[in-house]
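Right after this note come the structures.
Look for chain A in each of the two complexes below; its partner is chain B in the first and chain C in the second.
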Partner chain A sequence: MNLNYLTRRLGQAVITFWATVTLTFALYHMMPGGPVESMQNIILQQVTTSGGSVDLEQIEQMVALYANIQPNDPVYVQYIDYWRQLLFEFSMGQSFSHQEPVTTLIAERVPWSMFVSVYSLVIGYTASILLGSAMAFKEKSRFDSIMSSIMVALQSTPYYIVALLLIYSVALRLGWFPTGGRVGTGVEAGFNLEFMTSVVHHAALPILSTSILGIAGAISLRGNAIRVLGEDYLRVAELRGLRPTRIATEYVGRNAILPMYTRFMIGIAGVLSSSVILEQIFSYPGMGLLMYNAINIRDYPLLMGTLIIFTSITIIGILIADLTYGYIDPRASGGGGTE
Partner chain B sequence: MKSEPIAEVENLNVAFPMDRGESRVVRDADIDIYQDEILGVVGESGSGKSMFAASLLDGVVEPGVSRGEITFNPPDGGDPISVLDLTEEELRRFRWDRVAMVFQGAMSSFNPVKTIGAHFKETLQDHNKNVEEGLERGRQLLEDLYLDPDRVMDSYPHELSGGMKQRGLIALSLLLDPDLLILDEPTAALDLLMQRSIISLLREVQTNYDATFVMITHDLALLSKLADRMVIMYAFQFIEMGETDEIIWNASHPYTRALLASTPSLASDIDEMKPIPGDKPDPVEQFHGCSYSSRCPLADERCREEEPPLRAVEGSTTQQTACFHYEDAAEAIHLPSSPQEAAESAAADGEGQ
Partner chain C sequence: MSDSEGDTQSELEALFEPQGTVESLTRWERVKQQYDLYVRAPLKVAINDWRTVVGLGLLILFGLAGTVGVWFTAAPSSGQAPFLLGPFENWAYPLGTDVLGRPIHTQLIHATPAMFQMILGGAGLAIGLATVVGLLSGFLRDTVVDRVLMTIADVVITIPGLPLVMVLVAVFQPRNPYVVGVLLGLDAWPALARQIRSQVLSIREEHYVEASRIMGLRIWTILRRDLLGQLTPYIAINAALAARGIIFGSVGLYFIGVLPFNALNWGVMMNMAYASGALNETAKLHWLLWPMLTIFLLSVSFVLLSQGLDSVFNVRLRARHAQTAGEGDTSASKGEHDNA
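Here is the complex of A and B:
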């Protein structure tokens, strides 16, 4: 890995991050009834319904506090201000629907969403690797053709359909799983068995439906494995009298899984973005639900904050994939050349 | 030079089941391979020579099946091994330790995500050899093949040139000191200069390491420089075998003569080269009589009815031919120049295609 590549790649990540934040910021300001007005309206409504007197100056102060921006400043000052607070104070403003700093809200939700995402990815990809290998091994058998059809069907089924079917069948009709929440009510949080089983019980359905996103990878793994099985080096390895376990893992396995690695890292982004809809279906209070609610009630600081976090996780995932790929596949090391 | 046979092949048949019948790609092959010799197997593409070679370590790709008897006599005095009857684990240990093979596709013979050194190491480990001593031997082999062991061992396959990979594969094939080394078109993918140096390296290696070589090629001229004995394959059968000189100077089968006549050399005029008319038979076909009869100028009724067996050529103890009319072949099929000149010019530009 040369230093030049590292700096260039890091630079690209920073630029992507900057561009996303700027674009989001600009879009919010271009919305009809932008964040400031929307906030002013909401506060105004709150104040009037509670029968208080309307003090415009006070409202503007509140808006500034909540949104991290001075509503009367020109847009570029607001923009610079937002960046300054984000970078130097790690602050994303105050959510006015939750009356709490955005960072605190997100920090509380992120682990839950990551928990669901990481497990769905791991389960989905493990299943796809096992299935794909089995299909490649039994190429052209009845098992292979049936599984291939199922995989194609799954690949074209949106995860939220799966989620709805699951919640209807096993949660509502059969009652095996809860229909929402992260843990059972009255379960004490901590490192105890009851808490942990409750967590797993509640996360099972969201994880299962998101796994569908990864499991369809079995088709491409099957293709990769069949390609490797026909390679000359595999035949040479067999004639070289290598142990079958070594051939299966270091020859077929490794070379077939390699192309899926980048997909896996980028998959993190896909799984995270699916959480917006999925957590809504399962009423699972994670990042996605937080964002969804923020959209509904026009909680712009919160919306902006969740978006920044989603973006950063995606960028970091792809960056790690890029920087580590050279270690996994020596042909890609050095990273030189043009992109 | 006749020593004990290191491998005895009897009645070997290789067949692939196909939708339209069984494809028999090696038919009733009988041959003894002697210790310390270089045996050349010549034939056109698709004549079954690679399948014959792969059978020697029961390595015909699925769904192909080798049937018959292949007996391997370990030169160190062990019990004879019946190669086609080994269990999977026995076969795994037998391969590369007793019989190793170098492919024409050296470019892709290495796992792209492992260093060359890792290939050496895993081979030693999986054959329960001392890794440290083995790697030392591997480095020596690389050096003998004019490669820098430090550089090559740490390199990934894509970091080496084709010639380096080919030599690396030859070193890897000799790593466990096999008694028999099969070279399947080891120079086919290389340029002429590299071919020349690989051939001379092989000669050196064969002398230094006392190995028996079976070398497969369609390049008669190249083989004439290297082989002690040759066997000619046509349409999945052995049709002539003998010492190299006998084959080159006194070829007795019409096909061998036609093959010699079609071998290009710098000394002969391009107009004198004679491609063999006709096509070779389909492997699924059950043909009667001599497989070459449809293309042979000497063929008569008997050739089309009866299959000529491989039998000794008169006046020679080593040369055998499968032709009823071999006495007439020299007259019927003229070589472009006299056989002697052809041999000399072939030897002179041995690496010519």
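Here is the complex of A and C:
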């Protein structure tokens, strides 16, 4: 792993972050009528329902408070100011609906979404690796063809349909799992067994339905493994009289799984993506549900904030993948040139 | 050339008259060869693979539903049928009706055209953008263009797709199905662009591409002649997979009610059924299950098609079928050489 590679990857991460934040800033200005007018309507609505009255100047102050944008400044000053508040005050504005800073709201939700995401990634990819290698070793057997058909069916089923089917069968019919929420009512939060089992119990179905996203990887692992099985070095390894288990794990397994590693980390983007829909179905209060609620009442600051955080988490995930890949695959330590 | 040995004059003439002297095939034979290689052999491979047959068959059914079906069935309206009829109870409404008395089957049928428009918009954008970016970037490797394009692709890959689409939808409120499709296709292009780029990088090391470059052909000519043909499999297979992505995304967003409910959509049906408690009441369950089954079938058809296409584009398999189609070894290899 050389310094050049490191700086390039870090540079990529910085550029992505910059692009996302700039996009949210640009979107404020691309709203029909600009940030002032579009938010004016929402603020007016809120104020009139609570029975007060405001003038235009107050509205502009409120836009500045909520969206971190001073509508009267020239655009470049607004832009610099937007960044300054994000970087030095960790402020992404204030939510219309919750009347709380966006950062606080998101920070409370992040761990829950990450909990579901990480476990569903791990479970999904573990299952796909096991299934994929089993299919490759029994290539062209009946098991292989049945599993391939099941894989086609799984690939064609959206995760939210899986979620609905799971709710219907396991939660409503059998009553094994709760249909929503993240802990049982009346369970005291803390480091105790009751709380932790309740958390796992509530997260089980969201995790299971999200892990469907990763299971399609079994097909590509099967392909990788079959290709590796045809390589000359495997014949050499066999002729050297190495134990079959060693060949399976060190030669076939390692070379077949390596190409999936970066995909695993990029998979975070897909899993976080799905949380927007799944957390609504399971009424699981994570970041996805926060964003879903924000979109229904046009809570723009919260919407932009969640987008920035979603992207940041993915950036960190991909950065970890890039920086550790060199340790896992010695061939890549020179730095990914052509891919 | 061996027959005109010794006579340099005629040898040169022969060189400049490839059609008349060297190629002895008539135009008809050439057409027949082309037909054999590009129509008959792929069709034979396709028919021998159940995945292509089932996938294409389902897709044609959906296509018919979206075109002819819309003509033959009346648009669903509230109160046109008894409320909450179960499936297969009344053959005028084979799939049953919903709480507003709208027949399920016409709702499904009338939502199909908009779905295909979304797929066209989204998959079209994803494939077009990915092809252009991938080809350019691969051919101009390590130039500023390549770096900029790949940086943009990496940025788009990193931003989670649905949240981005949701923010865009919230700001722009799209109603046109093509526009919804394009927004959903925005995050589908970078991965394919990268795949195409790495394909280009390996293909451009081949001798015939090298030769074209030495001959001084313009870059677009080389791209069109030498590369695009090799990349068609990737593009076709990924188009089918991108279509699946558009279906998942659009139905999902309609289902949670983020997209404006101006059009009929399977996701809208699911949303209304789910919101009215279809999971808890057996009488309403079919209202939720039919759209789910429809989405599954359309996705299956695209997934099967993508897998079947994989075997159609497999050159070795196709060559074997071209041989058994009767023209023999030479026609297949010659035809391929002409268009390499």
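Here is the rule we use: the second predicted complex is superposed on the first by the 320 of 339 C-alpha atoms of A that agree within 3 Å, B and C clash if a C-alpha of one lies under 4 Å from a C-alpha of the other, contacts with A are read in each partner's own complex, and residues count from 1 in each chain.
Definition applied: a residue touches a chain if its C-beta (ideal position, glycine included) is under 8 Å from a C-beta of that chain, and two chains touch if they have at least 3 such contacts.
Please read these numbers as outputs of a predicted model, since none were measured by experiment.
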Here chain A is shared; do chain B and chain C fit on it together or clash? fit
First (chain B), second (chain C), both or neither touched by A:232: first
Where does A:240 make contact in the superposed view: on chain B (first), on chain C (second), on both, or on neither? first
Which partner chains sit in contact with A:57 here, chain B, chain C, both or neither? Use first/second/both/neither. neither
Have a look and say if chain B or chain C is in touch with more residues of chain A. C
Looking at A:167 after the superposition, I want to know if it touches chain B, chain C, both of them or none. Which is it: first, second, both, neither? second
Now for A:30: first (chain B), second (chain C), both, or neither, which partner does it touch? second
Smallest separation in angstrom, by C-alpha atoms, between chain B and chain C in the superposition: 18
For chain A, what residues appear in both contact lists, the one with chain B and the one with chain C? none
Which residues of chain A touch chain C once you look at their complex with the stated criterion? 12, 15-16, 19-20, 24, 27, 30-31, 152-153, 155-158, 160-161, 164, 167-168, 172, 266, 269-270, 272-274, 276-277, 280-281, 291-292, 295-296, 298, 300, 303-304, 306-307, 310-311, 314-315, 318, 338-339
Please output the residues of chain C touching chain A within their complex, sorted ascending. 151, 154-155, 157-164, 166-172, 194, 198, 201, 244, 247-248, 251-253, 255-258, 270, 274, 279-280, 288, 292, 295-296, 299-300, 302-304, 307
So in the complex, which bits of chain B are touching chain A? 57, 59, 61, 91-97, 100-101, 103, 105, 108-115, 122-123, 126-127, 156, 158, 169, 172
Per the touch rule, the chain A residues reaching chain B in their complex are 231-233, 235-244, 246, 250-251, 254-255, 258, 328-331
